[in-house]
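Down below are the structures I want you to see.
There are two complexes below, and they share subunit A, which is joined by subunit B in the first and by subunit C in the second.
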Partner chain A sequence: MTPDLFYAFTGLVLFITGLFGIIALQHLLRKLLAFNLMGSGTFLMLVGLAQHRNGTDPVVQALVLTGIVVAIAATALALVLIRRYYHLAGRVSLERDATDEGRP
Partner chain B sequence: MMAWLMAGLLFTPLAWAALSLLADFRAGWRLAWFGMALQATVAVLLWLAIAQEGGFYYPLGGWSAPLGIELRVDGLAVTFILMTATVATACGLHAGFYLDPDKPWQRYFWPLFWFLWAGLNGVWLGADLFNLYVGLELISLSAVGLVALGGAADALRASLRYLLAALVGSLFYLLGVALVYGQFGTLSLGGVAQLAGEHTGLPGAGLALALMLAGLALKTALFPLHGWLPPAHGIAPSPVSALLSALVLKASFYIAARLWLELGEPQGSYGVAQLMGGLGALAVLWGSWLACLQPRLKQVVAYSSVAQIGYLFLLFPLTWQVSEQVSQQAQQGMTLQVISHALAKAAMFLAAGNLILSTGSSRVADLAGVGRFLPFSLFSFGLAGVSLMSLPPSGGFAAKWLLLQASLASGQWWWALVLVAGGLLSAAYVFRIYRASFQEASGQDDFHHPPRRLEAIPMALALLSLGLGLAGDQVLSVMGLPFEEGS
Partner chain C sequence: MKCRGLVSLLLLCAALGWVLVYSLWSIAFNPVGGSLPEQVSKAMADSGVDHPITAVLLNFRSYDTLLEIGVLVIAAIAGISMARLPSLEDPAFRTHDALLDALQRWFVPLMWLVAGYLVWAGAHQPGGAFQAGAVLAATGVLMRLGGMPMGFLQPGYLLRAGLILGFAVFLLVALVTAVVGDAFLAYPAGTAKYLILLIELFLTLSIAMVLLSLFVAAPVNDAPESQEGHQ
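This part shows the complex of A and B:
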C-alpha cells in the first residue's frame, strides 16, 4: 500500500463518517461540519487515487483547489441561512414541532 | 462570428450578475431588460448557426482541453440553451412585475438570477465532468439563495433542507468523479466514454457511475429522494418556483442522462437500468397521487414536478441495449419531455402565482368562485395542464408518444402502463383545481385583478408548450443525433 492509497482510504473513512453525521445529527452546525468532513474526504480520495496511479499530478491539485473554493462558498451560504433561521425561529434543527402546523 | 456568440452567451450572465450587485432592484430590473434581450438574441442566433453548420468544440479563451475548459456546442446543448433563454426571460419579466421592489432584500434577486443562468449555460455546454460539477454547484447555491430570499422561518427551513440535499448530492457526484479520474486519468466526457468502451466491466468505473447517478438523482429529486423538493418549490416566490422546477431540476438530470448514454452501455447493467426506470415510474405514480391530496395550490404543482421528473428517468431502461432506432426515439422523447415540462411547469407556477395574488390565499379550497373573475390565468393554468396530461397536440403528448413507442418497440410494455396511468392521474389533479375554481356559493367575492402583463406571460409559455407538439419535428431535427456528435 502506497502512501497515496492510504490517503484515499482515509478519505473514504472521512466521507462515510461525514455522511453518517449529516444524516444522524440534528444540530444544523454539526450537519454543516459533517458536510465539510465529507468534502475533505472527497478531496483526499481525488488526490490519493489519481496520484496512486499516475504519480504527482497537477491537474487534480488544481481541481481540489477549485473544490475547496466551492465548499467555502457553500459553507458560507449555509452559515448565513442557519444564523438567520436561528434568529427567526429560535431553533437550530430542522425538526418540526407542534407550533408549525399553521405554516403558510 | 461564432466566437462573439459564444462570448456573448457565457459572458453576459456573469457580467450582469456583477453589475446588478451594485444596483438596487429597480435599476437591476432595467439592466435585466437589456441582458435578457441580449441572451435571447444570442441563443437564437447560436441555434440557427448550429442548425446550419452542426456542432463543434469550443476551447474557452483559446486554451485547449487538459489545461483549459473545453465546451461542447452541439444540437442538444443549443436546444437547451434556447429553452433556458425562453423560460428564464419569461420568469425574469414576471419577477420584475411580481416582486415588491421596496423590500430591501429584493435587490439580491437579480444577481442570483444571473448566476443561476450562467450556471445553467455552463452545464448545457460542459464537456468534462469537473466543470459540470462546478456548474451544478453554481446552480444549487444561487437556487437556494433565491428560495431563501427575504423568507420567513419556513422558507429558511425549506431552503436549508434543499441546500443540504443539494450539497450531499454534489459530493456523491464528486466522489464518482474522483473514482473516474483515478481509473481513467481523464475527465473529458468523450475521453472517458472511449476508454470505458474499450475496457468493459471495470469495478471502479461501475461504482463511479453508480455514485454519480445516485448524487444526481438526489439533486433531481427522483423518488424516494424527493423529500426536499415540495417544501422548497412550494414556498419560494412564484417566479422562483417556476425557474427551479423548469430549469434547475433539468440540469442535474441532463448530466445523468449524458453519463448514462456515454457510459451506461459498457459499465451499466440491466438491473441499474430497470432500477432507475422503476424509481421513475414510482415517482410518476406517487408524485401524481400526492398532488391530488395537497391542500395548497403550489404544493400541487410542486408534487406534479416530482411526477413529471419521473418520466425522464424512463430514458435509462429504454436506451440500454436496445436497437439504435429505439434508443433514438427514447432520447427524442426525453428531450421533448424536458422542454415541454419546462414550458408548461413555468406557465403553471406563474399562473398559480397570479391565482394566489388574486384570491389572497394559497389554499386550493379558497379558489372557489375564482373561475368567474379570473378566467385568463385559470385558462393558462389549464393549457399548461393539457401538456402535463399529455393530450394532443401538446409537446407533452409528443414526448410521451415517443416514449410509448420506444417502450413497446423494446418489448418493455410495463413502462407503457406507467405512461397511461401517469396521464390519468395528472388529469385528476388538474381537474381538481378546476373543480375548486368553479365552485359557487362561497362567502368570499373580493378578488384582486393582477395586471394584464402578469397574466400574459404564463399564457405565452403555455401556448409555447402546446405548440411544441406541432413544431416538434423542427426541434428534433436540430438536435440531430443527440449526444452522438461529440463522442
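This part shows the complex of A and C:
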C-alpha cells in the first residue's frame, strides 16, 4: 500500500462520511459542509489513484484544480442562497421539525 | 423510528463504502494500457508553457477551463441577484480600525505583487490564473473588511465588465482560432505562449471579481430583508 493509495482510501472515507452527513443532518450549513466533504473526498480519490498508477499526473491535477474552483464558487452560491432562505423563511433546515430550533 | 432510519442509513453507507473499497482496489491493481502523463510530456514542446498542469489547463484541455469560468460567472450573477442590497459597496459596512488600516497599506500592494508573480510563474512552475485570482480576491476581502472604498463593486458597467472579461477574452480567442486557425481553441503554432498569457491575465481579474462579489453578495443587514419577506 503506497502513500498515494492511502490518499485514495482516505478520500473514500471522507466521501462516505459526507454522504452520511448530507442525508442525516438537518441544518443546511451542515449539509453544505458534508457536501464539500464529499467533493474533497472525490478529489483525493482521483489524485491518489492517478498518482498510484503512474506518478504525478498533470491531467488529473488540472481536472481537480478546475473542480476545486467550481466547488468554491458553488459553496459561495449555496451560502448566499441559504442566507436568503433563512431571511425569508426564518428556518435553517428544509423540513420543519421539533429539533430545528434547538440546534445551534 | 428516527433511530431505526439512522441505523439503516449507516448500514447503507457502510455497504456503499465496501463496494467503493472493492472498486478502488481493483482499479489500483489492474493494469490498463496508455499513460496520460507520458502523452502530456510528449506534447509539452507544442504547448507554449513549461509547466505540465498549466499546459493541460490552458492548452490541452482548455475547453474545461473555458466552461469553468463560465460556471463561475453564472454563480456570481446568481449570487449578486440574490443579494437584495442597493449596492454591493455600502459605506455603512465599512469599519474604521487604525491598526487594520495601517496593516492594509502594507499588505494590499504586497498581495497584488504576489498575485502578479503567481500569474507569471504559472508558465513554468505551480501557479497560474486560479491561484492568482484567489490571492486577488483575498485582497479584495481584506480591503472590504478594512473599509477601503471599492467603487467598482457598485452595480454598473465596471462590475459587469469585470465579471465577464475573462470569459469573453477566452471565448474570443476560441472563436478566432476556430475561424482563422484549425479548430476551436487550437492555438496556431508559435502563438500559444502569448495567447495563454493573455487569457490567464484576464482570467485572473475575472476570477478575483467573481469570488469577491460572491463574498460581498451574502446579505449583511437584516432590515430590508424582513420587509421584503412580508410583501
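Please note the rule applied: the second predicted complex is superposed on the first by the 95 of 104 C-alpha atoms of A that agree within 3 Å, B and C clash if a C-alpha of one lies under 4 Å from a C-alpha of the other, contacts with A are read in each partner's own complex, and residues count from 1 in each chain.
We adopt the following convention: a residue touches a chain if its C-beta (ideal position, glycine included) is under 8 Å from a C-beta of that chain, and two chains touch if they have at least 3 such contacts.
Just so it is clear, the model here is predicted, and its values are computed rather than measured.
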Who does A:L81 touch here: subunit B (first), subunit C (second), both, or neither?
both
Once the structures are superposed on A, label A:A73 by its partner contacts, choosing first (subunit B), second (subunit C), both or neither.
both
Go through the superposed model and pick first if A:T42 touches only subunit B, second if only subunit C, both, or neither.
first
Check whether A:L65 is in contact with subunit B, with subunit C, with both or with neither, and answer first, second, both or neither.
second
Touch test for A:T56: subunit B only (first), subunit C only (second), both, or neither?
second
Touching subunit B and also subunit C: which subunit A residues?
8, 15, 19, 45, 49-50, 52-54, 59-60, 63, 66, 70, 73-74, 77, 81, 84, 88
So in the complex, which bits of subunit C are touching subunit A?
6, 9-10, 13-14, 16-17, 20-21, 24, 27-28, 35-38, 40, 52-53, 55-57, 60-61, 64-65, 68, 71-72, 75-76, 78-79, 82-84, 130, 207, 210-211, 214-215, 217-219, 222, 225-226, 229
State the interface residues of subunit A toward subunit B in the complex, per the touch definition above.
8, 15, 19, 22, 28, 31, 35, 38-39, 42, 45-46, 49-50, 52-54, 59-60, 63, 66-67, 70, 73-74, 77-78, 81-82, 84-85, 88-89, 94, 100, 103-104
If we count contacts the way the header does, which residues on subunit A are in touch with subunit C in the complex?
5, 8-9, 12-13, 15-16, 19-20, 23-24, 45, 49-50, 52-63, 65-66, 69-70, 72-74, 76-77, 79-81, 83-84, 87-88
Given the complex with subunit A, which residues does subunit B contribute to the contact?
66, 130, 133-134, 137, 141, 144-145, 148, 152-154, 156-157, 159-161, 163-164, 167-168, 171, 174-175, 177-179, 181-183, 185, 235, 362
